[in-house]
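Two complexes follow with subunit A in common, the first pairing it with subunit B and the second with subunit C.
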Partner chain A sequence: MERNRFYPKSFIPVLVIFLVLFVLGIIASFMFGARSLTLQEVIDGLMKHQGEIYETSVVQKRVVRTIFALCCGAALGIAGVLMQSVTRNPIADPSILGVNNGAALFVVCGMAFFQINTASQYIWFALAGAVLTAIFVFGIGSLGRGGATPLKLVLAGAATSAAFSSLVTAVMIPRSYVMDQFRFWQVGSVGAGTWDSLVLLLPFLLTGVLIAVITAPALNALALGEEMATGLGVKTSLLRLVAAFAGVILCGATTAVAGPIGFVGLLATHVMRMLLGPDLRYLIPMSALSGAVILTVSDVLGRLIGRPGELEVGVLTAFLGAPLLIILTMKAKVRSL
Partner chain B sequence: MNQTTIDLIKKGRIRRRGRWIAVTTALAVLTVALCCAMLLLGNTIYPVRDVAAVLLGEEVKGATFAIKTIRLPRMLAGLFAGFAFGIAGYVFQTMLRNPLANPNVIGITAGSSAAAVFCIVVLQSSETVTSVASIIAGLLTVLIIYGLARGKTFSIGRLILVGIGMQAMCNSIITYLMLIAKEHNLSSAVRWLTGSLNGVKMEELPVLMISFLVLVPLICVLGRSLMVLELGEQMATALGVKTDRTRVLLIVSAVVLSAIATAITGPIASVAFLAGPIAVRLVGTGTANSIPAGLVGAVLVLAADLVGQFAFEVKFPVGIITGIIGAPYLLYLLVRMNRKGAF
Partner chain C sequence: MKSHTFQAKQLVAGYGDKKILDGISLQIPSNQISVIIGANGCGKSTLLKTLARIIKPLSGEILLDGQPIHSFPSKQLARVLGLLPQSPIVPEGITVADLVGRGRFPHQSLFGTWSKKDYEAVAEAMEIMDITALANRHVDELSGGQRQRVWIAMALAQQTDMLFLDEPTTYLDITFQIEILDLLTDLNRKYGTTIVMVLHDINLSARYADYVFALRQGKLVAEGKPSEVITSQLIKDVFGLDCMIVRAPVSGAPSVVPIGRHHAGETFVLEASR
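Up next, the complex of A and B:
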């Protein structure tokens, strides 16, 4: 019987714990905010579908927001795993690679030069920005000996981010209308989530998840090294291309609808890698789960800390994620930097 | 060593010395010219005679206000802060033997700014307390980053990565503090975040000038040991440099200088990072380049501010201009270092 146990040892307890956290996160997200509700009020609000009472409308707003946060978190978690596997680099994350700022630059240019002003237009610009920036940063980061080492990638990402954020400001300053719109997009966080933006995100999320699940076994082989993977019958360059594409559209689409949110991919993946080990068939879905939990809980915390306003979720995830980056750096061997 | 070798070495020294003097003089002249331009140009262009008269303390109708309260402080702030950023950046780059290591990239500026914003927003403390706190925070950040990056073997790569993480954390703290800030504190807090020479007041300048007069000579004197440090720790010790003491003194002076300058102008992007390499390119290696690096910093800030003020229909703060100039250079440098396999 022992031979049939094909999942990691800690899989079941971890799954249960994270499912519990998931449910608790959702309940907390329904309850807390500028005005907190009791559990009873939440249930009442969910049951009565007429938007007459105050609680009902509050709860319904929070329902959208919560689903939105869950989807974004899952997308970012998967994007993190994919990017880390493709680059075989433990600290690949959209924010570190400068993808967020690339998306921001494209959105601002779209507002300034092409007069775009709806979420469905933003998403295409942000996506294009994310994809091009990712290619650019990877290109610079993998020049020279040793390919894309963490240090090279991070520095390329940091330099690109710095360049793009200066450009964003430069495009914005002379045009006050762009500044107004952009501030709205940038501060967007998950609070700006609506059913419409959720519908926009969904196709990208599904495509990304599908690709991630299909490529997981092959990516496992890739983790053994280029030659080994080829020997096992994996077309490595095609695999890298497809998986990287999925990672970039996942984080690009999320950035497009929710604004720049960093470090979730890093946090989600490493928590799971620590608990479950490196098997991507489990790591991918579980990172999606932990990403969703992390983003939702951060969002709730942001609402509580920032009362009566709210603290954007990206600020909190950066605060939580940056120490992880430092720890990962300290653990890494000097050679592999 | 035979006579010809000694002659060769001597000749080389004289040549380098000559080049150093020529370049430094040229940079100084350029700086002075830019300073004059800062005083002359503006919404109204006053004749040179009027400007000179104002500077000598005479009252000229209209010109006195524009020059004494607006242009002179702006020019002085740009000059001293630019010099401070340039020299501080050079010190870090040389000491860590990596052009990417400068206070902005490795999170020291962000640490200072976070402490300053905390003082302004939460403690509502005076300007002096804020400046002192920001200096202490800058030094603490250095200590923390160095401690975390040390591990079993010290590596610059690790130091930079840890610094980038540190910076992300400090920035998120700053964002939070700005959110809870009261409106009347916002304007003084914002100053710590974007590099700009707008609204610099004459009263703020003496602190910067005094610390400048104390610390810049100190750095120049230590600059000779810095050159030796460039050869590596062991070599420097063998040549009789007290490496630890020199290092600590240099780091403290550089951090203090750039924190005080930041208190007045905000972090002006890329200057600390650009000045050193440009100075080295101009002067060549093998000489103490602290002063040329400082001058290049001043030139960059003053020129960028003039461009920001007059080149476009809208006025851009100086930090945006330097940021846009600096970023492509940073990328170019990365490409070159990667090709060479420097990491």
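Up next, the complex of A and C:
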């Protein structure tokens, strides 16, 4: 038996293509913006550390922004796979399940009622919001017959999301200082990325990635159904808890530092699922890669479309992701997963 | 294959207040094929699931080689007893080799890295089930009979000494039912795998089982070799059906001929049971 039978057939070409896109995305992210630079200017900016050259400061800002976007995209990609596996539901994604808006609501409440104003404070409020919202939405989605079906989860998530975003507005409107702070946090998106926010994100990102990689084989077993997984020696409740925890902290931490960015988890994983099949040992790392590429490219596009200002990256990902969600929900209804 | 003693003692299981198994004690004969029979809702599936540790019993215990099964680490237990549930899920777009390979989970370390042994076990399992040619096909595209062979191959790749199957022949037409049961018998005869399964069809049970457990309303009412246990009285007790027992001309196993309301007076005795 040849070993390569166990690789997804298209693994190597897909990996190569996405690595190329990854590199192109990074270069584009260095080059394009309110003021675009030539490749030579970028190289000069990267090489010449000292001095007051205009290019240097622009490039260095874009370097941080790019790394930040890559990390957030990877985190959201993995969060998407984890949530889809745990719920055995193809449309599970942090934004669709309302987790992003839950995190946002907690951050706003923190600003309004607890006077928080630094990123390191936001992160804990965002995490708490993400965890509680996840529990809440799964709870509502599981009510009634048939457990947490895709359709019920979408509805519960959409309703929760809508309710929470109006609550965000309700808390914000009467308090102008909260409005300014929140707008900066939310609109800032990946553009607000600094080394400090990267440092904040990193421990959560690493924890999430580690858990995802370790649980991948067990999640592969869980994909065959609860009973089969138990028969294979998986402690299914523990696995679900750990994997869901990882998914929620990945997206909670990302939301805390970059604001709510939707649909990346959904886009990143479904592209990979289509190309590679369902083996999570490949799907998890490759969704991190595709998530990173998607978010970085969306960010670049946002800068180009929105010139001389910039368009929020979340707007673009939603624009790309919404049609996919519609297709998936229709398909899921037919297959009634 | 190693022999194991596998016993249940005073097993009670159910949901909420409703008891589905009501004090079942039994011992699974090692290296044999056991079949659990009974009417719909008698608890046969629940018994199988409880024995295969899918359902936690409310009371009573299940002992593997004299030790309670919950005292074993779950992966270690999964190397001794395997399970094929009635309707496992086929992940969209999965290939045959990938699915069969997932049976190796309990043999792998933390990161699920594949050893030479894993590849060999998968190749062997596919060979035995005669699906090697299908290795790169998508499972969704296969027929019901092929698909069931893939699932059994997955259970084989798990390399357990005992295998529990919940109605492995449901949804298959008669040709594939026989094919699957023949394959399971091969496994048992060649490797000594202890097989425990729930079957709907009483005649196939009588034919393929070395040992039968008959259940009625959550209680074990009879057990033993099919030729000794399956009588018209037992069928009346367990299924509430009037019948005659004849010996199947092919296997010599007892075979149930239902009487029904329309043919009660017209017995043409060809070869009546003993």
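As a convention for this text, the second predicted complex is superposed on the first by the 328 of 337 C-alpha atoms of A that agree within 3 Å, B and C clash if a C-alpha of one lies under 4 Å from a C-alpha of the other, contacts with A are read in each partner's own complex, and residues count from 1 in each chain.
Here is the rule we use: a residue touches a chain if its C-beta (ideal position, glycine included) is under 8 Å from a C-beta of that chain, and two chains touch if they have at least 3 such contacts.
Just so you know, these numbers come straight off a predicted model, no measurement behind them.
When both complexes are superposed on subunit A, subunit B and subunit C fit side by side without a clash.
When the two structures are aligned on the shared chain, A:230 is found in touch with subunit C, with no touch to subunit B.
When the two complexes are overlaid on their common chain A, residue A:318 makes contact with subunit B while staying clear of subunit C.
Of the two partner chains placed around the shared chain by superposition, neither subunit B nor subunit C is touched by A:62.
Comparing subunit C and subunit B on the residues of subunit A they touch gives the larger count to B.
When both complexes are overlaid on chain A, the residue A:217 reaches subunit C alone and has no touch with subunit B.
Within the superposed three-chain model, A:155 lies in touch with subunit B and out of touch with subunit C [touch as defined at top]. Following the chain A superposition, subunit B and subunit C show a smallest Cα-Cα distance of 18 angstrom.
Here subunit A touches subunit C in the complex through residues 1, 3, 5-6, 9, 88, 213-214, 216-218, 220-221, 223-225, 227-228, 230-235, 273, 277-279, 281, going by the rule given at the top. Across the complex, subunit B meets subunit A through its residues 100, 105, 148-149, 151, 153, 155, 157-158, 160-162, 164-166, 168-169, 171-173, 175-176, 179-180, 269-270, 312-314, 316, 320, 323-324, 326-328, 330-331, 334-335, 337-341, 343. Across the interface of their complex, subunit B is touched by residues 91, 95-96, 140-141, 143-146, 149-152, 154-156, 158-160, 162-167, 169-170, 173-174, 262-263, 305-306, 309, 311-312, 315-316, 318-319, 321-323, 325-326, 329-330, 332, 334, 337 of subunit A. Of all the residues in subunit C, the ones that touch subunit A in their complex are 49, 52-54, 74-79, 81-85, 87-95, 97-99, 101-103, 105-106, 108, 110-112, 114, 119-120, 122-123, 135-136, 158, 164.
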